[in-house]
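We just call them A, B, C and D in the order they show up, numbering each chain from 1.
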Amino acid sequence: MAKKEYAFYPGCSSQLRGSASNYLVSVNTMCEKLDVKLTPIPDWNCCGASISYAAAGELTRHVMTARNFALAEQHLPGQDIVATCAACWLGGRETKDKLDASSQMMADTNEALKEAGLHYKAEAQMRHMVEVLVEDIGYEEMKKPMVKSLEGAKIAGYVGCQTNRPFGIAGESFENPLYLDKLVETMGGEALTKYEQKVTCCGGSLAFSEPAKSQKQIRDIVESAYDHGAEMIVTPCPLCQANVEIYQSEINRKQGTKLAMPVVYYSQLMAVAYGGNAKQAGLDGQVIPSKKLDEIAAKVVPVATK
Amino acid sequence: MGNMTELNEQALAKYRNSFLHEVEERVEEGDWVKMCMQCGVCAGSCTFGPHWEHSPQKIFMMIRAGKREEVLRSDSMWMCTSCYNCVVRCPRKLPITQIMHGLAQYAHRLGVAPKMQPTRDLSLIFWNNCIKTGRVNELRFTLSLYFKDGLMAGIRQALSMQSIALALLMAKRLNPLEFFKGHECKDKAGIHRMLKKAQEIESRRQGAHK
Amino acid sequence: MSDMKTAAYLCTGCGIGERLSAAQLAKVAEREGKMHLVRQHAFLCSSGGVQLIRDDLEREGVTHLMIAACSRRAKTEAFHFPNTAMSRANLREGVIWSQPDTEEARETTQEMADDYVRMGCAEVKKMKLPAGNPDLGHARRLLVVGGGISGMTAALEASRAGYRALMVEKSGSLGGWAARLHKRTAFREPYTDPADTGVGEMIAALQSDPNIEIVLNASIAKTDGAPGRFKVEIAVESGSARTEDVGAIVQATGFSTYDAAKLPEFAYGKTPNVVDQAGLERLAREAGANPIRRPSDGGEVKSVVFVQCAGQRDDSGIHLPYCSGFCCATSIKQAMYFKDANPAVDTAVIYTDLRVPGNGEDFYRSAQSKGVTFTKGKVTGVEPGGNQCKVSFRDLILDEDTAISDVDLVVLATGQVPNSGVNIGDPEDAVADAEVKPISILNLSYRQGPDLPQLKYGFTDSHFICFPYETRRTGIYAAGPVRRPMDIAQATEDATGAALKGIQAMENAHAGRAAHPRSGDLSFPIVRLDGCTQCKRCTVECPFGAIDEDEKTYPVFNESRCRRCGTCMGACPVRVISFENYSVDTVGAQIKAVEVPDEFSEKPRILVLACENDAYPAIDMAGMQKNVYSAFVRVIPVRCLGSVNAIWITDALTCGYDGIMMMGCKHGDDYQCHFVKGSELASVRMSKIGDTLTQMSLETERVATYEVAITDMARVPRLIDEYAAVINKIGMSPLKGFA
Amino acid sequence: MTGSIATGEIILVVGGGISGMTAALEAAECGKKVVLVEKSPTLGGRTALLYRYFPKLCHPACGLEINLRRLKGNRNVRVLTLAQVTAISGARGDYTATVKVAPRYVNDNCTACGDCERAVQAEIPNPYNYGLDQMKAAYLPHAMAYPQRYVLDPSIAGTEDGERAKSACKYGAVDLDMKEDTLEIRAGAVIWATGWEPYDAAKIQPYGYGLYANVITSVEFERLADPHGPTGGKIVRPSDGKEAKNIAFIQCAGSRDENHLRHCSRICCMASLKQSQYVREAYGAEGRSTIYYIDIRAIDRFEDFYQKVLKDPGVQFIKSKVANIVQDGKTGDVILHGVDTEGYHRYANSHDLAVLAIGMQPSVAAADIPAEVIADSSGFIEGALAGSGVFGAGCATNALDVNRAVQSSTAAALRAIQVVNRVARAEEAS
């Protein structure tokens, strides 16, 4: 399969020693095996996420994102922009739709971008890494680099909100998106398709501002995974991952529960299935380590089976 | 932000459309408010629904009823987690999430948003943090969140969360050095000029509606 | 009758041959049925079997057929001999399928079949081939009463089909309410804006149509006759009068608006700034291209409030209890009058349920996008103050009592009141509580009132869901809001349908055919006047007002008004009314033909008289489902329980039947009887039979009436068996063997 | 083979439901020749699958019986079942329709004795109960089926079962060699009355239709209440056969929703009001219905029925579009989540069964009709083109209740008659 090239938008949390740095590590391993080349957008800036609305007006927020678009168009012409973070991707999609729809918004945006010596031509497409996997590569192709199966691993696919609504992945439904389950099965794992907290909101940024309310959500999400016999939760979103993983200890402390459900990225599953070791799969970045995944990662694969 | 004339806007006549018009002109996606048919599916689909004093659909009705103060001073729209559940279920396809954000921002702009609204503070802190260097400094962001209500409160918060911080540290997902210098964009100056311009245009546009 | 040649055909297919002794049946047909010709066939409905019958008709000159095979509801294509009197004995659904296939049951099953053969033979010998209606009417011109949208549509559509129409309009101009509208509600894509009424074009089309004659300022002074030969006296205001021949009538007399003055709480009449929807149309027309001004002082209109359901959907008993259907869309349209002219005008529609079905939803959306505010609420009052009003209401969403002040114009959505004339049963000198005496519209010279009977609230609608045009006055059809509350779009559709029914009635009258539900029936009631006692029961009880009275109060039948239900036949105490193919004798003979075992046989006989529309099909389907019931019943289908003559009951009892079950349709408010009151009449008549029974020293249980629905294929067998048990309890009839 | 019949004075009616039957009969009773084409093996259409009509609670079978009797007695109507119009050519006054007739595998000899049904073993989902139960692959569609003639499901043609049916029939009625036939029908005017179909409830994902056994549609509920239905008229829930005494009726399931059907389907409010009375009838005081609605659209005289139900203590009304449904794995109860917007009250209500008042969409979208018509945004026939002789009737033209559908069909009959009468006059003239 020919090399695929994308302009890469990592987003703040994925940076070195960022809260989702292990996501990036696993994505790099995964992409290498899939022969996908990600070139970070030079000097990219924060997208503003979905929380900056109070401080920043609509235009200002669009301008922030448009700068990244403009840089991508300038330095990596013709390449789709790929984001790994749900919020970054969603923000990008919204900005693109809005600017495509409103000529005034577009004019205003470029007027502002001019100050940074940039111009947005509305060419670049905004994609999520999952879209690249599902649409550009496909499940069959994803199997090819596999050297080991996640056989026996019971995994709850937690899609969350922002890769799912309002845009979602083409062909998937809002209430019951299946791509994570398909990914898990493709990697040989056992997808817990009946997991009903699949698209429940973890509280997003409000995990910071409304911890009690969010932690109630998180508890539901984790406990339901336990109910379905999950050994780990898999997610495509850094904020979901962080919220659902790191607040479990808080919930245990406050509510006397004993939650310790590992929460990993799809890319980590794939990195492992593709033969990556714990480090290459960013498993060392787990606050709640996944024994199961560590074991599989540690398994040495006899060449024969390969 | 928010200028005096807006602040001093006097109470509006009931069910006369002045507040509705105000929202249509000055609130992001505000011109959708009139399209609501009061089915309530948004209210039932909301993540933090139980914590909303007024549901989105009710807020839309209150806007039509001219309840300006009650709406703008409410903390309901600050409960929005941007999960977009309401948006995809709305039979009239209203961009409810954006309208809630828009109303919150408008209230903040007018200076009538509830004081000590944690999500509002979060929003401000996040924004200021990310535009400083063009990228988020997660450590400083977290700290300033803790210390927003003063030193003691901050220390208490920080202590309560230290286990988590430690865990993240161990997992190499939190960098203490970020306190001194985190990731940042090269063209900070450009970004600042750009944002200044954007805000300029924005207030010009808002002004145009007065 | 010397020229009668009868033939019986026994089918042994579908298990009849295995379950029953065909030889025995043949013997019955021959010896007791006295059939000239008796044939058996293993597969009678096959082309061979049918050919056999055809050959006999041609070569043997057979005039009367008795077919003993499946139910009269089955194989109707095969057993179709239009020019021959035919009866059918139901041996399949009615016998072998409803009886257990066991040795013990063999005897009673055979007896059942024997009886049905006896009955079939007896019936057919009493039948005559309908000779056709002697009293045909050939007028093919449609009278249309009322010149509004509905009336104009009916006339134009009839004309397009090649029929002439005569239009009578009481006012001096055509167009009705529609002509008084500024615009009409959206009725086609994209359903976003008010549309032109198109009334002008319609009037022009009407006036230039050579098929259509228009009489203005006129009313109907008298309507005589029947479909195909109506004579209508038209009185013109100028004083001149004329009589016209028409074949059928469409009544499109429309509606009046509910009097808003009855709503003082909404300040109507207290200030000119409170109008009803019609009032707002007037303002809009007057304003034309200019903005609508405030009536009180011509001031600018900045705020308008629309009050939905004003004096409608009212459960207090004071105002209209129903919903007029069109008002929500009308208020939406009227709010657009303001918004389209000046978006700055505030328009609020206060409603409890917004009722805009179908694509009306787009019209609603469009109004919202134009900025019309919709509030779910209940208006409690309107207070005038200077040139503005205050509208107080309960906001049902925000759950609080509140008000809108400084309202320049308040529009009350009052409803439609039908212009439907005098209802059947209304006393001659007006209805007591009605402040205005209803004025007749058609002035029918019918025995049963001068106008179309009303269903409810003055609307002259049909009672039937499947048959919206099933009128109770054959050849006269209501169209538009006089029939049911409706908007222009529906009225147009309705009037087109009514025009068709009018045309159909004329064609039926021309051919002497019955109208729905016994469409095509060529028989008609024949009365033997020399026996008549002028008791008037037939003229009173006819559900369709088909029978008038002459000066000596003898009944005068108007065949083409008649629907062939036989209610008159059932009513007649001296049995002088009959149909050629359905008479006191055709049924009486069947009753008498049954072989009644003696009282020691432990074999009671139960006569079931079943309505052919619902009860008989239910019994039939019970058989198809193999739902077993007592072998002691003998079922006779009747056109309607209303046609059951008391003599059949007394005959049956004197013959020694042990019980009689009468199965008819549901009656009462939601009656399902296709002849309106047939089943009700029957149960009333039977309630009086008690004395007769006691005179005959019989238990009252021996005659019972039931309401049976067509879906009762499981219930009917239960009813039969329960009744058989009752008979078993009270014992066999003492009257056996006396007849 | 290709047979050709009839002339330009014929009216072709497409669809044998109550609308098509009405249009055909009204025209025929005016003396016109009609060909009535029905896709399924029997006439009656969707109303034959209803238990009762609102607001009278009378039985659709009653009207069907009358219409069938009108039909049996009227030789002006030729009925073709299992037939579909695939193409229409020509112009007003002179159309030629291509009609594909699917094999019934049973000929006119059939006496409906039922021997083949008893002989056949294979079962198929029963479409006349919306697949809620199974039926033999040799079947009479339902008790009121017309023509009253059996049908062999194509799936058993050429199988042992097929042979079983054949050898069981004493009358040589089973003909396994039947092939699809193509007819050409000439007609002066066409009435398109193909009716409606329920919107695909599975598309309304938050309600979990297809996922949860105890979430069903209003048309399926009709079958549950009907003595002819899969439960013999017992209102029980699919998951465990438990009596469903506490039922939720969810309005606007698909209708008034830009994510699904943008139009209001008109009948659903009345249908739910009616069905609440089934519950009342079946379970008396124990029967409880809750109707979740946006607006109760009980138009004109129907308001009476609404008022009657309002007074029924067993029926509760909640102004709310239900947000989502989940089924309790243990109890099988369905839990409805949402907000009562009259005063903002949040609820999580548990019911035995949830009935989706499913929306109406045209069975054949106007765009797929093999003749040009004016379509509305929902695919209904808005009207005929100027100078066309193809007219819509009944629910093919809009979301209508039975009364209005019949009204519309009667009007359509006249429009068709106008065309053929013109043809007749022209022929007389020539």
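Please note the rule applied: contacts are C-beta pairs under 8 Å (C-beta built on N, C-alpha and C of every residue); 3 or more make two chains touch, one makes a residue touch a chain.
These numbers come from a predicted model, not from an experiment.
J.: By label order, what chains touch subunit B and subunit D together?
T.: Common neighbours, subunit B/subunit D: A, C.
J.: What's the overlap between the neighbours of subunit B and those of subunit C?
T.: D
J.: What chain lies closest to the overall centre, CA atoms only?
T.: D
J.: List the centre-to-centre spacing of subunit C and subunit D in whole Å, with centres computed as mean CA coordinates.
T.: Here the centre of subunit D sits 23 Å away from the centre of subunit C.
J.: How big is the gap, in whole Å, between where the Cα atoms of subunit A centre and where those of subunit D centre?
T.: Between these chains, centre-to-centre, one finds 47 Å.
J.: Need the CA-centroid distance for the pair subunit A / subunit C, whole Å please.
T.: 67
J.: List, in ascending order, every residue of subunit C touching at least 2 other chains.
T.: Residue numbers touching two or more other chains: 376, 397-398.
J.: Can you list the residues of subunit D that touch 2 or more other chains?
T.: Only 206, 256, 319, 324, 341, 344 qualify.
J.: So which bits of subunit A are touching at least two other chains?
T.: 174
J.: Just spell out which pairs of chains touch, all of them.
T.: Every pair of chains meeting the touch criterion: A-B, A-D, B-C, B-D, C-D.
J.: Which bits of subunit B are touching subunit D when the two form their complex?
T.: The touching residues are 37-41, 43-45, 49-50, 54-55, 57-58, 88-89, 91-93.
J.: What residues of subunit A sit close enough to touch subunit B in their complex?
T.: Per the touch definition, subunit A meets subunit B at residues 12-13, 15-22, 43-46, 48-60, 63-64, 67, 108-109, 111-118, 161-162, 165-166, 174, 200-201, 203-206, 208-210, 213-214, 217, 246-247, 249-250, 253, 284-287.
J.: Within the complex, which stretch of subunit D touches subunit C?
T.: 18, 25-26, 29-31, 47, 51, 53, 56-67, 69-70, 72-74, 108-109, 111-113, 143-144, 147-148, 170-171, 226-228, 232, 256, 262-266, 295-304, 307, 319, 341-344, 374, 376-378, 382-383, 398-400, 402-404, 406-408, 410-411, 413-415, 417-418, 421-422, 425
J.: Show which residues of subunit D lie in contact with subunit B when the two form their complex.
T.: Those residues of subunit D that touch subunit B are 206, 252, 256-260, 294, 319-324, 337-341, 344, 346.
J.: Would you tell me which residues of subunit B are touching subunit A in their complex?
T.: By the definition above, subunit B touches subunit A via 28, 47-48, 51, 79, 81-85, 87-89, 97, 101-102, 104-105, 108, 113, 118-124, 126-128, 130-131, 134-136, 138, 145, 161, 163-164, 167-168, 170-175, 178, 183, 185-187, 190-191, 193-199, 201-202, 205.
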